[in-house]
Amino acid sequence: MSHNSFGHLFRITTFGESHGLALGCVIDGCPPGLEITETEIQSFLDKRKPGTSRFTTQRREPDQVKILSGVFEDDRTQGQVTTGTPIALMIENVDQRSKDYSQIRDKFRPGHADFTYLEKYGVRDYRGGGRSSARETAARVAAGAIARKVIPMVEVRAALVQMGPHRIDRERWDWDQVDKNPFFCPDAQAAGEWEAYLDGIRKAGSSCGAVIEVVASGVPAGWGAPVYGKLDQDLASGLMSINAVKGVEIGNGFEAAAITGEENADEIRMKGNKPEFLSNNAGGVLGGISSGQDVVCRFAVKPTSSILTPRKTVTTAGEETDIVTKGRHDPCVGIRAVPVGEAMMAIVLADHYLRHRGQNG
Amino acid sequence: MSHNSFGHLFRITTFGESHGLALGCVIDGCPPGLEITETEIQSFLDKRKPGTSRFTTQRREPDQVKILSGVFEDDRTQGQVTTGTPIALMIENVDQRSKDYSQIRDKFRPGHADFTYLEKYGVRDYRGGGRSSARETAARVAAGAIARKVIPMVEVRAALVQMGPHRIDRERWDWDQVDKNPFFCPDAQAAGEWEAYLDGIRKAGSSCGAVIEVVASGVPAGWGAPVYGKLDQDLASGLMSINAVKGVEIGNGFEAAAITGEENADEIRMKGNKPEFLSNNAGGVLGGISSGQDVVCRFAVKPTSSILTPRKTVTTAGEETDIVTKGRHDPCVGIRAVPVGEAMMAIVLADHYLRHRGQNG
Amino acid sequence: MSHNSFGHLFRITTFGESHGLALGCVIDGCPPGLEITETEIQSFLDKRKPGTSRFTTQRREPDQVKILSGVFEDDRTQGQVTTGTPIALMIENVDQRSKDYSQIRDKFRPGHADFTYLEKYGVRDYRGGGRSSARETAARVAAGAIARKVIPMVEVRAALVQMGPHRIDRERWDWDQVDKNPFFCPDAQAAGEWEAYLDGIRKAGSSCGAVIEVVASGVPAGWGAPVYGKLDQDLASGLMSINAVKGVEIGNGFEAAAITGEENADEIRMKGNKPEFLSNNAGGVLGGISSGQDVVCRFAVKPTSSILTPRKTVTTAGEETDIVTKGRHDPCVGIRAVPVGEAMMAIVLADHYLRHRGQNG
Amino acid sequence: MSHNSFGHLFRITTFGESHGLALGCVIDGCPPGLEITETEIQSFLDKRKPGTSRFTTQRREPDQVKILSGVFEDDRTQGQVTTGTPIALMIENVDQRSKDYSQIRDKFRPGHADFTYLEKYGVRDYRGGGRSSARETAARVAAGAIARKVIPMVEVRAALVQMGPHRIDRERWDWDQVDKNPFFCPDAQAAGEWEAYLDGIRKAGSSCGAVIEVVASGVPAGWGAPVYGKLDQDLASGLMSINAVKGVEIGNGFEAAAITGEENADEIRMKGNKPEFLSNNAGGVLGGISSGQDVVCRFAVKPTSSILTPRKTVTTAGEETDIVTKGRHDPCVGIRAVPVGEAMMAIVLADHYLRHRGQNG
């Protein structure tokens, strides 16, 4: 079952709410002998953590990770390694402000999970959305750092390619730019333009959506399976499980629907003694199995529902009213979704690597 | 593990290749006491089966389903019912023509799974793609017929909303049209125009992609879960697992990325004593849990790789060559993907219904 | 979920009832490239099939297996091999006699599943127990034949070591005897004595229990896991899932409870450059992980509930009555459980071999 | 996968080593709205914790549990309840003494997991066995406390029925005695005798095995499933997964092998308008499904391998030597296995309750 777990051989189980004591995850199935430190995991968490620029929520969470289990530092050898047993990671919550939510505790936020959550469970943690909070994604990023260790042959990177209606110019794509602007944008010029756009959104108390592209290089051919273990299926599952995601594409995605078989075919030639594809409409996955090309996904993040413009809603008691969500929120949650998308790609690939090795040696 | 299984409490496991003796599936976890006949299952298979118009493959497969287990007809009561034990369904292959494939048995088809399949398994059933054939989807449709029985409160329907570059006019949407044209198109005028377009594609030995929309009405609020058991996550997984699918959307999907929080919010008013949403950008899913609105998904199908125009490729021996795929193929596989999309929606919903009932009573 | 599936990477899903059209199983996750034929599978089924001596049920079932999918015979290479895709196996039922059950269709058999089955499902296939029939174990034996192919380094054997109150003399253990008597008994003298004993049981219309021992040789050290993936845990699960089994032991089993740590310790010396245990109280499993010694299990099978002596019972309508079960039944179901125990051992080991390879390379 | 998880709908995932920072578990799938406090969980942990009498290890671990997530205390209502989201429980280790292990860090303990552990993972936490330590069972006991909340209609109790070679007299069974002696023994007279016996074992630096019986009353008919979801199969799996367990029985267990069908049959009469069994050889499970009678299991625990008598062994470098294990160890680990057995029974039953409700409503 997978209410709160993801993956099979490399399997993560996350726990924790926005306003509880702590959140974290348990990573089961990690191979033994991999060198790993809290510092390395932290470096990925720091990319996702809030409050790093004026464009993300001002909640102050250091998101300091602690490894509770699954590693061993032998005093005779150097360094700490995974032991093959469950790696439990914990991140304590330190900046909860439950009172921020007192004004909306009895109102449903349009576009927010609070309505469905209460319908399902009959009990609702009104403080920050409980389990439906995006704080859960910190656990994914931490797990993703370990997943990367499992597949050292693979490099996973992501970038914001659309903010609101504004897309990057793919001709200007430069991975080196991604860490040089607060948006993880690979197009320096677009990043500059987005700054003004997002300041406008932010000052208006509004919010906007985004599209993130995730690329994995170095994935060998053969990972995945033809039917319900499709690599792209699990990528779709993993990316769609991120909060606020409404769409997922592999390769040319929805564009593939509009073109012909001739246009879509990724032709093949020999390069040395290996087949080489002349294009990558497939996004590195054919029939659910990796082809050796870059694995390329995109996912769409909706604008957060927490905005200052009054919206029509009802109370839990059934009275019609308006709602304004103050609190501390991201004007564009898509930004912090970039490292989360990377993490999910890494987790899916690590799992499929082990699955492939299990069945095929 | 899920190489060939899908779902948790309502769980299907499919088997069979394009050119083997038979294909089928085992449905585990079906509640007991549901009335089911081969005739009912057959009615759904007949919508998917090949050769029903000039726009689908001319392979002649009756796709006759046989129930091997899991039902019981008591001679004292009326009718055959499920027993709560595994329902095994079998469909025998009758029109395999392996020799169709003799010309391409040593060539990789650009855009086809044969390359990755061989990389993964080292053994390849060149006849019709083996397990990566779309014939596997017949098993899904059969399973979907039973899934519908599990959730009688829900109606699942699907329609083709885009063929190649041509979209329907949503103002003309009429569900009654879907069964009146060979494309499952809800827009009579578009269906007429597509006929000419697809004849052109077909006669040119080309192929085109499509977009399918699936809608489930009657889903109560509360199915799904906030994190890795998200209803939309499992829909994305299920739809992306269909052959040739390259993208999946929930609700307004990628459109959500381009708009603001104000525009995206589905406002709420009271209707009688129940909350009612004034729009459905969410596609019936908030925070991974159904909201009580229609659940709406779309998925993009790429054009089939089996075309008559020569494409550059290589042989399994590493020689550069061209390939032309003759055989019997669908010019637009998206058409027959319509009942498959319905089936996957039904299967995901049946599973989540049982999961919800298990945890929440 | 595992209502009707067993294993993780080597995973079987069985289907079919005693009196339906067919029974069978789908084996998912089998490595590709293994040579396998129906003849080989049949040789194991023939050991389990009914009617081979006067000591088993006289139901005439050829138990002929058919491979529906998952193998490929290339016309250019020699032989049929697994493809890495699901292997579906089907065995048709040919000698159902539903009328045998007409006299007991409304009575509960003491010690039989019919009472609990009806309580659970509300519908009951009175003919031969439906899904709770031991005919399901034919599917296990077929799957076990394939599991053996996955672990060619391992030899799995089983023997009957106790029939009713009569145990073998372990000093006389001779594996070569196992196939030379109708009981799979490794002690020729005991087998002779059992013949008279079981004839008495049979003629009295009675039944008796048995204990089976299963031994796997050649299992390398390292399979299993320390907590919920314990090798012995999965063996206990697999063996207890066989019909009529009431107890399972690993190594010295319940005897371990009665002795001291000194007596129980399997001491270690070097043999050449490898550690060697001087005894095997552990049964080849320490801390849930194989030690390289023989893996040794025993399981207890109760006497079948289908006997000619009248027993007090009630009808489905709640009336008190007596019951006598005529039909065709095994006087000692433990005999035919021997190949089933072997199969479950092979299936558990094949699964753990792949799981170990997945995590640890 | 289940390396470190157990159960399906009520699913626990445990983590932590004997000498790490903390151990704990994540409980997924717990129904919402159940009242639960740390105090209640603690009361069960206190039964298992070390150092409560001279007959258990003198390691001083308060085993203080902390609930990290999955509960919510609404300031407007009374009391803390489960929310339906993952409940993470943490127990910090406070009394690790790694130096206790310095003398044996390079030696394998006969009968201990250290040999197989190193064979599997290539890395070994020599301090207290790492993940194979019985400290992991604290997490089970904590999870069991929550499982009990899920099935309030069921009472789960356990008792020590054999210590070394000494069995209780079942005629003297009195549940009230269980908490009145340091052995959880239901026979006051036996408990008195065991005291002298175990003092002898303890003073000799020896150890002994034990048999524990677990009984669940109030389980309604219908939980479980006929094939691989057998209730007794999952009980066998759960109990065999406890450290040092070598055998598991349901009902009369191995005794069933020695008797006839007449003797074994649990006859049925009506009691009021419900069927009532006149005996319970079945142990409350027929065909894998609960019958409404008490569910009765027994499991055998081997003597701990940590003893003062020198045993022959080898070092990790392959040198022959002797070993004496000093440290702080239980002379009879079976005592503290009593609350662990109860916990596993409760966990299996809670899972099957939810599974049954999922499929059958």
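Letters A, B, C and D name the chains as they come in the text, with residue numbers starting at 1 for each one.
Here is the rule we go by: a contact is a pair of C-beta atoms (placed from the backbone, for glycine too) under 8 Å apart; a residue touches a chain by one contact, two chains touch by 3 or more.
The structure presented is a predicted model; accordingly, all values stated were derived computationally and were not measured.
For chain pairs B-D and B-C, the one joined by more C-beta pairs in contact is B-C. Residues touching across the chain A-chain B interface largely coincide between the two copies, over half of the numbers being common to both. One inter-chain figure worth recording: chain B and chain D are separated by 45 Å, centre to centre, where each centre is the mean of the chain's CA atoms.
Between chain A and chain B the centroid-to-centroid distance comes to 27 Å (mean Cα coordinates, whole Å).
We define each chain's centre as the mean of its Cα atoms; on that basis chain B and chain C are separated by 38 Å. Listed for chain D are residues 1, 3-5, 8-9, 14, 29, 32, 84-85, 120-122, 130-131, 226-227, 355, 359-360, each touching two or more other chains.
On chain B, the positions that touch chain D within their shared complex are 1, 8-9, 29-32, 84-85, 226-227, 354-355, 357-361.
Contact residues of chain C toward chain B in the complex are 1, 3-5, 8-9, 11, 13-17, 20-24, 26, 28-29, 32-33, 66-70, 72, 74, 81, 83-88, 90, 120-123, 125, 130-131. Those residues of chain B that touch chain A in the shared complex are 1-6, 8, 14, 108, 110-117, 119-122, 129-132, 136, 162, 164-165, 201, 206-211, 221-230, 232-237, 239-241, 243, 246-254, 256-270, 273, 275, 277-278, 281-283, 285-292, 300-307, 309, 311-314, 318-320, 334, 355-356, 359-360.
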